[in-house]
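The first chain written gets the first letter, and so on, giving A, B and C; residue counts start at 1 in each chain.
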Amino acid sequence: MKVKASTPLVRFFLTLDVDYNMPYDLITKLEGGIMMKGKLCVLFAGLLVLALILTACAPGKKEAAEEEAVEAVGRLQLVKERGMLIMGCNAELPGFGYINPAGDFEGFDIDFGKAIAAAVFGDATKIEYRPLTAAERLPALQTGEVDVLNRNTTWTLTRDSANELDWAAVTFYDGQGMMVRKDSGWKSLEDMAGATVSCTTGTTTEMNLADAFRSRGVEYTPLLFESTQDTNTAYEEGRADGETSDKSQLAALRSAMANPDEHVILDVTMSKEPLGPLTAHGDNQWNDVVRWVVWGIIQAEESGVSSKNVDEMLSSKDPTIQRLLGVSGEMGTSLGLSDDFMVNVLKAVGNYEEIYERWLGPEGINIPRGPNRLWNKGGLLYPMAFR
Amino acid sequence: MDLRPEVLKPPRVEVGLLGWLKKNLFSTWYNALLTIFSLAFIYIVLRVIITWVVHDARWEVVVINLKVFMIGRYPREEAWRVLAGLGIVVFLAALTWIFRGAKGSPVKRWLMIGWLLSFPLIGILLRGFSRENRFLPLVSENVWSGLLLTLVLAIVGIIASFPLGVLLALGRRSKLPAIKVICTAYIETIRGVPLISVLFMSQLMLPLFLPPGLRLGTVMRALTGMTLFSAAYAAENVRGGLAAVPIGQYEAARAVGLNKVLVMALIVLPQALRTVIPAIVGQFISLFKDTTLVVIVGLLDLLGIAKAVTGQREFIGLHQEVYCFIAVLFFICCYAMSYASRRLEKVLGVGER
Amino acid sequence: MSGEGVSGCIPFKGVDMNQRAAMDEHRSVVPFWRNERVLKVLAQIVFVILVLAVGAWALTNYLERGLKFSYSFLDEEASFDLAEGIEFSPTDPYARAFLVGVLNTARVAAIGIVLATLVGLVTGIARLSKNWLVSKIAGVYIEIIRNIPLLVQLFLLYFAVIMKLPQIKEAFVLPGPVYISNRGIVLPWPRVAASFGLWWPFLVVALIGAVALLIIRGRSLKHTGRPSFNLLWVVTPLVAVPVLGWLLIPGNPLLLDLPEMVTKSGGVLKVEGGTALSSEFTALLLGLVVYTGAYIAEVVRAGILSVPRGQTEAARAQGFTNRQILSLIVLPQALRVIIPPLISQYLNLTKNSSLAIAIGFLDLYAVSQTMWNQSGRVVEVFFMIMASYLTMSLTISFVMNIVNRRMQIVER
């Protein structure tokens, strides 16, 4: 390719020309004189254009507009207009949130998301899952990328106060535990003198572990990994004598091991880990929706309403059940939902007991209900009054 | 050597297998010893490897998950789009190969335009438009994974970093002190720290420094990091190319009256860029290998997917098979590319002038 | 760019006065936006303002989030535990945790550089061996290693090789004894005994003597021009004096600390004594050495090939032995070519040690990650990471540049 004076690029440079007394006929000489590597020039220009396109393509504008909208009308309205609930969740925690072989999300945490979708739309399928890592999860909620976050996130004072987040309710009372080999014969942390313990770094687990052993005056060696999977591999291969994490997570990991029966979770709780869904700070209406859906599900178990008998229960004489199912009162309307929202929820996912048994019961990853029993059965689940 | 008369060749038995063996393997006693040790070494290594590959390894983990390795979490019903993108590349590559000899033919220019258009086209094809679009529904780049993500990261990284690298190189060679100092500081800082810290910056710190409304997904953030990192290395390559352009070229161009911008754009850069093509290919190969680092910031590239596969319940603990497969895959890609770049170097005749 | 001070016209010889006057006139009417001197200053000001503006914009966004910037957290109690490197307990401050990380990185980088150089030197020479088989083995090693990402190699080494080693109760015991299990490698290691205080002056004397002899012999080589056994002259005092000292003083100054398998009260098996290389450290070190070694081999090969054949042939004609040719003729010349790319390989090794985080070794980066996760001070810790790596890079460059300059002078 030869450079022509008429080429827009050359013209453009000529208008900027500092050497304005350069004879014009030189330009014509350029035509015959300067051979330029046309391909490279085109390539270079193309790359520049491409870089610009890529920059311009960067997503964000539409979502930014969405965010401004949320300031004005509230998240509930926004979700309704979008026709889709976006929930941040875990994608690799068996029992709580994971991708099944068919490629769908399922688990305990996922069912609560479905319940919220059912409450808002009457349709549990109107939900989109955003798998998030531990480090991303809180920023994703703060920036409004997800409407609700339900990813085994511990409710702590620091997170609640500093991070512009609001927990809605507790769906699972967890605690940090310790898994060891059965043949070690250990029953408590005091037995574990000199043991190597594998642990995921960057979590409260790491600090609780240090506290627990220090307070007992037991010598140990921590082995820190960046991902839960590596932590588990190191334990399973015998690189470590014990593994520590939330008990629910340990149960899930154990269930996936080659020989689950060779491992036991010690009856030690090193910390309190109340887990539950959370929403962005300051949107009380949306937070109320999430928390009352969770409490509704717990209330349903307390009142004996399940996915199987919900239609019969509509004619129940019990005033609590009547209010729960929207037969009397205007509970749903005051939340900004339809009055029968709990009917939809229960038909979609069932009550707390059903959800628990489905994922965490003996057919699931098998965690004893422990503190996650109803308050009147010796547990901690206590829904606020439905009136 | 060819011109030497035949009679001058040493009168030694150097023909045949025996001659070759004697010359290359058993020329002296310690050479013979070395040969025997080497043979023993090769025998042991090969026996271990072959026994494992043929006998002990459970390759079904690779076979069953082949699709997962390739496209990861990309929706299965949309997988044709990846194939279509691959098809475009293969088609263009085939045409380029067919017309490789045709110097200066217009076909070549069209091919170049085709290549340039193919990148945004494939990008659009892979990403789609909006959720509601019936033909190309949105597949957010956050679900791209596997080999697809590795390739996207490496290719976009190298393309996006190149213009930035050229600007940085020009800045570093500038006579204007402020520009020179800032560009040099940038290049040297990036080159002095590991890629993982740059990725960490883009993953965790970038969101903190962006306005609250502007959000980038994880893949976009990783791409930003790769680009910023790669630009510093591209700048050094381009700077080398600029230094290789003889000073006479500047002076001659100035003497015929071109202004500085024109001298750069028409005379110096085209020559400089031509000489740096092999270096850029080399940089691409190392960037391709470096994309594996995104696994540390939680992305599912080829290595990330491999890690996820080793966690599958049925295949738990099959690290050897999975990582060996990944290693072989990377080896094939990188070796092919470095072989191609050596060929390219010959074709371009770089360093022969 | 060439052509200083060209503003408005092309200067050339033989311009007559009229023309020059016309040009000067011309120059005087050049508007400031075309005056190159003004443009130069303007361009710089605009550029600096742009850079500052981007920086300020980013800073505003950061501050708008209500985040602070302070290093006060470094004095606070870390309350997490680190098991690799120097002594650390959860009550120590963050600053000490960071120091643990820095020292661990420095340790793996220093040992790695030495070993990788050895591997690279041997492989590079093997690649050039006249023995076809040896050269091919070296070539295959180099190609395989260079074309697989380091991180993949580390995963393979750690998860597929070291993790699959026998568990500690079935540990391999090599004579020595050396214990090998998936907990790591434990080697016998010398331990300083009470009489070491009497012995160390002998070591110092030996070292001084060796260096002095090296210099003297080097000078005499220059004067007489006769080659002599340099190595022998240096090694003899280096070995003889400490041995003499060992015999003279009472008791053994150094004891060999033998590792031993013990069972702790909780039933945990542990190998105590000797020196222990954790499996994470072993994997990282091995991975870095093998990977960088392949690159160094290529550097060495290119360096040796850069020495013209005539040099070798001339030396052979003079009657030099093969070893003399390599050590006196080829290597000194090759080193000039080798050292600059070698520096960048050393820097790469140091930077690559940050991949430790993927296999659980507590290097600078891994410790930093724990630090920002537990303290929430992302930006502050990030600057500490950058500063540490830059310091290490600069130190290596500085030392190696001195070596490089030495080599160039010796050559002349």
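As a working rule, a residue touches a chain if its C-beta (ideal position, glycine included) is under 8 Å from a C-beta of that chain, and two chains touch if they have at least 3 such contacts.
On a predicted model such as this, the values are computed, not experimentally measured, just so you know.
Enquirer: Please name the chain that ends up farthest from chain B once chain centres are defined by their CA atoms averaged.
Expert: With centres defined by C-alpha atoms, farthest from chain B sits A.
Enquirer: With centres defined from CA atoms, tell me which chain sits nearest the overall protein centre.
Expert: B
Enquirer: State the pair with the higher C-beta contact count; candidates are A-C and A-B.
Expert: Between A-B and A-C, contacts are more numerous in A-B.
Enquirer: If you average the Cα atoms of chain B and of chain C to get two centres, how far apart are those centres in Å?
Expert: 25
Enquirer: Please tell me the distance, in whole Å, between the geometric centres of chain A and chain C computed from their C-alpha atoms.
Expert: 41
Enquirer: Return the distance between the CA-based centres of chain A and chain B, expressed in whole Å.
Expert: Between these chains, centre-to-centre, one finds 34 Å.
Enquirer: Considering chain B alone, which of its residues make contact with at least two other chains?
Expert: Only 204, 212, 257, 260, 296, 307, 310, 319 qualify.
Enquirer: Which residues of chain C are in contact with two or more other chains?
Expert: Correct list: 6, 10, 159, 163-164, 357-358.
Enquirer: Going through chain A residue by residue, note those that touch at least 2 other chains and give them in order.
Expert: 18-19, 22, 135, 226, 233, 237
Enquirer: In the complex formed with chain B, which residues of chain C make contact?
Expert: 1-3, 6, 10, 40, 43-45, 47-48, 51, 58-59, 61-62, 64-65, 67, 129-134, 137, 143-144, 146-153, 155-156, 159-160, 163-164, 347, 351-352, 354-355, 357-358, 365, 372, 378-379, 382, 385-386, 389-390, 393-394
Enquirer: Where on chain C does chain A make contact in their complex?
Expert: Spelled out, the residues of chain C in touch with chain A are 6-10, 26, 34, 36, 79-83, 90, 159, 163-164, 167-168, 182-183, 264-268, 270, 279, 357-360, 362, 366, 369-370, 373-374.
Enquirer: Could you pull out which chain A residues touch chain B in their complex?
Expert: It is residues 1, 3, 9-10, 13, 16-19, 22-23, 26, 29-30, 33-34, 36-44, 46-48, 50-51, 53-54, 57-60, 63-64, 67-68, 92, 99, 103, 133, 135-136, 139, 143, 145, 226-227, 229, 233, 236-237, 256-258 of chain A that touch chain B.
Enquirer: Mind listing the chain B positions that touch chain A in their complex?
Expert: 73, 75-76, 108-109, 112-113, 116, 119-120, 123, 140, 156, 159-160, 162-164, 166, 203-204, 207, 212-218, 220, 256-262, 265-267, 269-271, 273-274, 296, 298, 307-308, 310-311, 313, 316-317, 319
Enquirer: Would you tell me which residues of chain A are touching chain C in their complex?
Expert: 18-22, 135, 184-186, 191-196, 201-203, 206-207, 209-211, 214, 221-226, 230, 233-234, 237-239, 241
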